[in-house]
Amino acid sequence: MNRLLAVARLHLMVPARAFGLPWGIVTLAWALSVALFASFGDNGDVVIVGGLFSLYVILFLSAEQAVTRTLSFALALGATRRAFYLGTCGFLAAQALAAGAVLAVLRAVERGTGGWGTRLSFFDVPYLVGGNPVQAAAAYAASLALVCAAGLAAGSVTRRWGTVGTSVLSAAAIVVPGVAVWWISAAGGLAPLGNWLAGQPAFALRTLWPLGFATVLAAIGWTAVRRTPA
Amino acid sequence: MLTDDGRPIFLQIAEQLENSIIEGALAEGDQVPSTNELAAFHRINPATAAKGVNQLVIDGILHKRRGIGMFVTTGARGLLRERRRARFAVQFVDPLVAEARKLGLALDDLHDLVDRSWKDSR
Amino acid sequence: MNGPSDPARPSPLDVEGVTHRFGGVLALDGVAFRLDEPGIHGLLGRNGAGKTTLLQILAGQLRPGAGRVEIFGHDPFERAGTQAQLCLVREGQRYPDGFRVHHVLRAAALFFPHWDAGYAARLAADFELPPRRAVTKLSRGMLSAVGVVVGLASRAPLTLFDEPYLGLDAVARQHFYDQLLADVAAHPRTILLSTHLIDEIADLLQHVVVIDHGRVILRADADDLRREAVALTGPADDVEAVVGNLLGTGPGTALARERLGGVARVTVRVGGTAPVLPPGSAVRVEPVSLQRLVVHLTSSPAAPRDGATAAGGAPADADAGTTTTPQGALR
């Protein structure tokens, strides 16, 4: 447990990078959006801005860097790959949970203030989140976890198999679903699949599925990391 | 100081301590520097310094007082001088004679040189 | 050095048959040696001899293709308990984004159980490392100094330094050696230092392992190696006569022959036995330093695997001035 905590503390060593960067950028994007919307005056419509996307991008990148840069330093300090990966997953999960809670609060404030008084929907992204704040927090956390897991997988694959590996993984990420869709539609299963998906409770779609994919991606990352050279 | 003459360092350490004892810088009953002090001073490995000190313990020049350190044994000075005297002929006189012969000096010349050197060294 | 090891007190380092390939290249070939005592020991050899690969394997950061590696009795690869007893300092270490010098030291404190923060701070000050300077902005010398500080302050029971002084100037190097001596004396542990700057640290080393083309060619106490070879200088015929005697009667091998006019200098490996010269001989016997010994032993191309010694180079031409003919000297 101590070893895993040490890894987590390693990731938190430079707070400006761990917190400052992601939240700083989100704050900036939000402030710009609010200013922009305030200058438009009354729209009559509530328009959604994809500003929260920046948070997801940054967390993806830091998860990737955790493997491409921090791993080699941790190994030099004597951490095992196992401890590093587990500790990093734990850290990213905790980070996703905490961020999810913060975002849920901000979303509640946004809804309560009528979009920050400008009818801006920055945090309240409809398909991503919904329901009460607890459900929203879970959905945020799940999607953030998915993005972090993708970063871990990308970083691990790059570290182990270089750009060739990453290209293969990216190609697979496009080809595999594409083939699956083609195969399902050829079997005439697209419509039933669509109906089944539409019938899934929102909670499953927003929270459980992303978590499922996140776990798969994290596992892919581990297979790459466990034999990676220092 | 340590020389680069290929002789093992531990022997050089032992010899330097012997010289200190013979010259009187280290008196009988005095404590000798610790191996760590010797190692730091000469910039050598402490194990090598320890080997040199142990050589003197084996030779009966130093003895260990547990918990305190290494001390010069009583009678060490006399012992060392005796040993050095026994080696004196081979170590110094033979080479002197060989070199003198090489240069073509006569025995009398050699005597004169030794006399002069003896007087000058007072 | 090669007695049976006591399972109750395992050796800090015990390897056998370590072989490793990178692609088609054989980097290490059957490396075997043991370090039993704490102290400062040396891993010597030319660039590309395999020192870095070996140290990475010893530190458990690389899994060898074959062989047994035991650090304090266990295989270090991915073993947390053993990793905690180890520290490998190498050049070219990459640090996480945004790290400053003080972050590196605080990170080290998280992972090394024996870390001494006060000592680390004093060392950093001695090497003039600005704590708030970003690691990416450090000069080459300062980067080496960071590695040295981490290696020393880790107080790891087995500390491995891979040519830690690259980038350090002579003053900083001397400072490193002095600190190393003092701290190992105060906190005994096992240090293995790889280097090709042998003269500077020869006196500090206790045990020495020389590696050439991936193989161990020599394992001995550094102090004993001072008498391992001698250089015989004098009139060419007299020198050859002495050399002939030595090679004929003992296990000696000639490592190098040099000629200038009528004077010859032959370096002979005598294994600690001082050559006996006829009285009044004009031949002088000079010691051969550890560095020169290692240079002589490692300057030939790799010997064929069946153990035959490599052939020498061009024969000496007495009229052409100095010619050096290194001859294979693998025992």
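To keep things simple, chains are lettered A, B and C as they appear, and every chain counts its residues starting from 1.
As a working rule, a residue touches a chain if its C-beta (ideal position, glycine included) is under 8 Å from a C-beta of that chain, and two chains touch if they have at least 3 such contacts.
Keep in mind the model is a prediction, meaning the values are calculated, not measured.
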Problem set entry | Chain with minimal offset from the mean of all protein Cα atoms | C
For this session: Compare the CA centroid of subunit C with every other chain's and tell me the farthest one.
Result: A
For this session: Using mean C-alpha positions as chain centres, tell me how far subunit A is from subunit B in Å, no decimals.
Result: 76
Seminar exercise, completed: Whole-Å distance, C-alpha centre of subunit B to that of subunit C, is 32
Problem set entry | Whole-Å gap between the CA centroids of subunit A and subunit C | 49
Exercise. What part of subunit C is in contact with subunit B in the complex they form?
Worked result: 37, 39-40, 177-178, 181-182, 184-186, 203-206, 222-224, 226-227, 230, 279-280, 286-289
Problem set entry | Contact footprint of subunit C on subunit A as seen in their complex | 3, 6, 9-10, 13-14, 16-17, 65, 69-70, 72-83, 229-230
Seminar exercise, completed: subunit C partner, complex, touching residues on subunit B are 2, 4-10, 36, 39-40, 42-48, 51, 98, 101-102
Problem set entry | Residues on subunit C engaged by subunit A in the complex (per definition of touch) | 56, 61-62, 78-80, 83-84, 86-88, 90, 93-100, 103, 106-108, 110-112, 156
